[in-house]
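Below you'll find a set of structures to go through.
Here subunit A shows up in two complexes: once beside subunit B, once beside subunit C.
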Partner chain A sequence: MLCEGTYPFYRGGVSTWTHNLISNLKDYEFFILSVTSAPFLRRRYNLPPNVKGILNIPLWGTEFVKEHIQEFKFRDFLGRNLSTDERKIQEEFIPSLRAFLDEAKHGCKDPRRLAEAICEMHVFLTRHDHRKTVRSKAFWNIIQEELFDDRLYGYARLSYIIDFSRILSHILQLLSYEYPYADLSHSSAAAFCGLPGIILKIDRDTPYLITEHGVYFRERILDLPSKSSIIERMLLINLYRAIVQVNYYYADKILPVCKFNVDWERELGASEEKIEVICNGIDVERFKPIKIDVEDNRKRIVVMARIDKLKGIMNLIDAMANVSKRYPEAICEIYGPVSDKQYLKACQRKIKSLNLEDKVLFMGPTDKPELAYNRAYVVVQPSLSEGFPFTVIEAMACGKPVVATDVGGVSEAIDGFGVIVPPRSSAALAEGIMKVLENEEYAEEMGRRARRYVLKRFTYEGFIENYRRVYLEVLSEKIWKEIIEWQRS
Partner chain B sequence: MVVNKISNSSWIDKISGDKSRWFKANKLEKNGRLEEAVRLYIEEAEEKRQVSPGISGLCYLSAAKILIKMKGREKAEPIFRKAAESYEEYAEKALSSSPSSAIWGYKMASKCYAWAGEYLKSEEMMKTAESLSEKIEGGGKGYPLFRIFRTGGNKRKDGKSPNAM
Partner chain C sequence: MAEVLTDLDSLAVATLEVDENVKDYLDVAVILEVLGVTRETARRYGYKDIFDLAKAVFEAIRHYQLKEEMVGAKKKTRIDLIIETLRLFASGVALSSPWLMILFVYIIFKVSLLPMYETPLISTSVNLALASSIISTSWISPIFMRKLFYFMYQRRYSAVRKILVAYFMSGFFITLLTATLLVAFVNVLGAYPDWWITYFIIFFIALSLLWLTTAPLYALRMYIPLILAYLCSMLIIGASYTMMRSIPQKSMTHMYGIIGGSAMALIYLTVYFYLRSKFKPESYGDVKIRLPFMLYLGIPYSIVNLLYFIFIFTDRFLVWYIGSPYPFLVDFFYEAPASLSLLTITVPFGIMNYYSQKLYSCISGEERRFSSFQVDKYRESVKKIYLKMQAAVFLSGFLFWIALFFLVGNQVADTTTFTCLSIGHIFLTSIISNIILFFYMHRPFMPLLPMLLGTSLNFTLGIILIRTYGVKYVASISYMVSSIIMAISMIIMVLEIIIKKIDYYHYSAF
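Presenting the complex of A and B:
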């Protein structure tokens, strides 16, 4: 299982999905390869017994590749270091780096050329020293030739290109690890974490699957640094496009969590016959209506989201300013970890400026989301981007009315059993919330119907069985191919 | 594509080196010890038959593949039959939770029965898969869990694409 910034070190929707999938597919054994931002992270989940190992690949926080893992041997490091010199780098690494950069800056003209470059760089970096390579003259010469001297990207700021090179050197760390033997690889995003899957597919013919939650390319565009110029943005956009396209090209199956993703995937070159939508499922025994005594009788608006720009918390705060004018007793509780501290500070400033300190509360992460949902009068999902959000179907399973923004697969999930509002509009969000607050009967009926709907459509069993079958399908397909080839020969 | 082969002997092999029979059978197969690999695949298939018929089918299929290479199709037929039975059991088990998985299971069973020389049974499995498929595709309102995304080729009766809600 290939993860990026998620399982088992961070909480969130994708991590929940991964944990549920692995815990329930007991007849399969998993090895987790997790691309993270730091070497020593605390696991946020108790690993199920069918997880046979984890390899944390931190892109930041280590000076030498693999220094944080137990199996790190100084002898190996020394061997790699001594075998790396300018001549070797120039002859064995630079041609593939040049091809990689050429494909990356053009947004992937030829996925096979890009994948070949990735594989060649992987082969080089597993045998040579990463640090020495990215500090070599040859490395920086190629950056000069391919970026500074490029007719278009030459207009980017010097500092930006240096930042880009830094990102590149971190990506190359991911390619410096050996990857474990597996019958199939499954990436939880069409992202950098999928690169090992592509390498294993090419090197060992290991079937490769991608599940796409939020569309990675779309989310990266939404997250682009706002201060960069169009040309600078283009460079990053093309890099992301290239990574996504090469992922799609080598995937045996692309499994979006909602139909919304399909259009993006098609647009980005995914072959349609590879695509199959598999919606998330939830444990309807855990997420059910539970009677909870709350401290007061205030109307609670519960939000379950990590504190991040993409989750639209600012919008929610603005909406709460409107809501509290008509419903002064309304209170909003936001449950979730902080993934962007700057954003949290900005939210807190906004809350203060709007005098909402006792009306919008950050409750931190919770291990019992079912209890948090059941405290709610209404559950709100204000995101700017989503795949197929667990929070929506979990809240619906708890019999709560949901007000959510129309992003990703949200409207597919709600399908008429909740209130949908346009994203980025605090006025519309406030209106949606007030529509539910003003009519208790309407809210209760909506909640009841929502639970019935979830029971029919988003059960664990269906979700798990679909993945079990997809795994069997790609493995069986590989065997069939060998049988047919053998028979022909 | 010409890519230098990636080294296999590294520390990572130690951590991924599992003790499971399937893993061992795979390794034996790669090392050319085919008779032993077949034995292990069949043992694994028999052990998994009750709990996990899908995996059992996969193991039988792997064994049948090697038998074809070693001794020809005739010798592999009984194993193909067992694979077919396992896939059929898988389909029946999956039917209540995921009809699309059941369809796939029946189709696999059909293929395996055909390779086992049991053509009537193969046809029966294919018919079951097709009738189930029709029920799902023609089921009116879309049901994402049970639907396979297809291109606009096979339109619904109402003229909408098969995935349209």
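Presenting the complex of A and C:
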């Protein structure tokens, strides 16, 4: 299982999906390869017994590749270090780096050439010192040739190219690890974490699956620094596009969690016959209506989201200013970890300026979301971008009316059993919330129908069985191929 | 354009990019229209019209202080610039404070600055303890500080705390071990009386703890605790010295030693706890630090530091060693000009610090000003600032030395020694500026060769000159010549290697 910034070190939708899938596919053994931003992170999930190993690949936070792994001996590091010199880097690494950069800056013209370059760099970096390689003069010369001297990218700021090169050097750490043997690799995103899957596919013909929650490419565009020039943005966009396309090209199956993703995948070059939508499932025994005694009779608006710009909390606060004018007793509880401290501060300033201190509360992360949902009169999901949000179907399973923004696969999940509002509009969001608040019967009926709908469409059983089927399909296909080849030989 | 700008923050940033001085929502409305936002777009985002949207965008600019966060700080006024210049100058002078402090100790407690022929042995114990404590502790802090900074920038404060524990523990035990070895060595020599060894070891331990205490404060640029640590330590060391000198029974010195040592250990511990309190551990994950990797990165910095201190004491060791009735007996005739010449470095250090900061901000700031195809212009602008720094260091150094010569020259019997050492110190400032630049670029190996050459030259030339002229004070000439050669070779290295490819060195430094 290939993860990026998620399982088992961070909580969130993708991590929940991974945990549910692994825990329920008990007849499969898993090895988790988790790409993270830092080493020595605390695990946020208890690993199920069928997880046989975990390799954390931090792209930042270590000065030497594998420094954080106790089993990696210093003498091995010295061996790698001594075997790396400018001549070797120039002869064995630079040609593949050149091909990689050429493909990356053009957004991947030829996925095969890009994948070949990735594999060659992987071979080199597993035997040589990563730090010495990316800090070499040869490495910088190729950056100069491919980017400084490029007719287009030559206009990017020097600082940007330097930052880009540093990011690239960190990403290349991912290729410096030996990946364990597997019968099948499954990536939770068409992202950098998929590169080991591509390498295993090319080297050992290991079937490769991708599940797309949010469309990685789309989310990265949303994340791009707003101060960059068009040319600078283009460089990063093309790098992401290249990585996504090479992932799609080598995947045996692309499994988006909602139909919304399919259009993007098709647009980015994924072949139609590889795509199959598998919706997420949830534990309807855990997420069910529960009678909870709340401390007062105020109408609770519950939001389950991490504090991040993409989650549209600012918009929600604006909406609450409107809501509280008509429903002064309404209170909004936001559950979730803080992933952007500056954004949290901005939210708090906004709450203060709108005098909403006792009406919008940050409750922090919770291990019992089912209780939080059941405290709610209405559950709101104000995101600016989503894949297929668990929070929406979990709230629906708890029999709560949902007001959500029309992003990603949200409307597909709600499918008429909740209120959909346009994103980034606090006025529309407030209107949606008030629509539910003003009519208790309407709210209760909506909640009841939502639960029935979830029981029909988003159960664990269906979700797990779909993955079991796909696993068997690709594995048997591989076995057949091997039998045919064996017969031929 | 408007289609891309889909939330208030991006609209605010886009607005500020057009005009960072928007005064009210009407200004914002004008800019929004320029950006292609129409009434329909505004309505689609849930606002009545473009003015309604402009009000919200203006609120975002005002409330979230996007102005500072996203378009950079306000332009500095002349007063701001003067204050900043003075601050950088003062912190540069503070960088030279070990020497200043040594000088003040000499002046206040009258150790070796002024001729005190009645107690040359006592002065020797202090001076030798001073030099050997600096050299024996100089290599310890760089090993730890290199990794400490790494984790500090990563905000892995639990790791920073672990490194602090390791540093303070190792510092303490290494000091004890070195003290034991030195006692054994002096005993084997059998040249000094027993009370002298007690004197020496008291000062050695106290001064070693002082250097170990102040090294992280220096590295972290915590100037106020640094000055406090110096003042308290100076007071203790000075008081111990005065009391020890005043008692007739030399056998009682160890009592004062124990009291002084305990007070120094208290400062040592206080600084540890102070630093520890500055780094609150994070809640996620426990960082494991691996010593071999830490040593691998830290040792080159250690060697440079060690060589540097050996270099600056070489001339003194030669003077103290050659022709003395005791090994390394302090020579007051040399000490007076040597100590006074230390004053020369204060002004060039301030200037160096000011220009170093300018140079670093030029290295990272100019990158933003130039496109990548203009890399040569970028290198040129870095080169200009670097040359300016060197010129300013030399000019200020020479001017200040001339001023000093007229101010304190009459107190120095041997003006040649004073002149040679002062000139050496001016070039030493240039050497330090280059070492700091090599360290900033994470290239500690680069200054090793010129430093090895300089130190060997200082030693060899010193012996040759002393033998040739039969006067041991000519060691100051060897210090001056080797400083000049080392400084020039480092300047050439920086210009020919680093600055010619400054983009590469800056990229690969981080």
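By our rule, the second predicted complex is superposed on the first by the 483 of 489 C-alpha atoms of A that agree within 3 Å, B and C clash if a C-alpha of one lies under 4 Å from a C-alpha of the other, contacts with A are read in each partner's own complex, and residues count from 1 in each chain.
Please note the rule applied: a residue touches a chain if its C-beta (ideal position, glycine included) is under 8 Å from a C-beta of that chain, and two chains touch if they have at least 3 such contacts.
Because the structure is a prediction, the values reported are computed rather than measured.
Look at A:Ile162: by the touch rule set out above, it reaches subunit C but stays clear of subunit B. Of the two partner chains placed by the overlay, neither subunit B nor subunit C lies in contact with A:His106.
In the superposition on chain A, contact of A:Ala115 is made with subunit B only, not with subunit C. In the superposition on chain A, A:Arg135 makes contact with subunit C only, while subunit B stays out of contact range.
Contacts of A:Val123 after superposition: subunit B is touched, whereas subunit C is not reached. Within the superposed three-chain model, A:Arg449 lies out of touch with both subunit B and subunit C [touch as defined at top].
Within subunit A, not a single residue is touched by subunit B in the first complex and by subunit C in the second.
The residues of subunit A lying in touch with subunit B in their complex are 27, 29, 31, 52-53, 55, 71, 73, 112, 115-116, 119-120, 122-123, 126-127, 177-183, 199, 202-204, 258-259, 262, 272-273, 275-279, 281, 412, 415, 457-459, 461-466, 468-469, 472-473, 475-476, 479-480, 482-483, 486-487. Interface residues of subunit C facing subunit A in the complex, by the touch rule stated above, are 6-10, 13-14, 17, 44-47, 56, 63-64, 69-70, 150, 154, 156, 284-288, 290, 292-293, 296-297, 364, 366-375, 378, 501, 503-504, 506-508, 510. Considering their complex, residues 1-7, 10-18, 20, 22-23, 26, 48, 51-52, 54-55, 57-58, 61-62, 64-65, 68-69, 73, 90, 94, 96-98, 100-101, 104-105, 108, 111, 115, 143-151, 163, 165 of subunit B touch subunit A. If you check the complex, the residues on subunit A that touch subunit C are 38-42, 60-61, 63-64, 67-68, 70, 74, 77, 134-135, 137, 140, 143-144, 147-149, 153-162, 165-166, 226-227, 309, 312, 314-315, 318, 342, 346, 349-350, 353, 384, 422-429.
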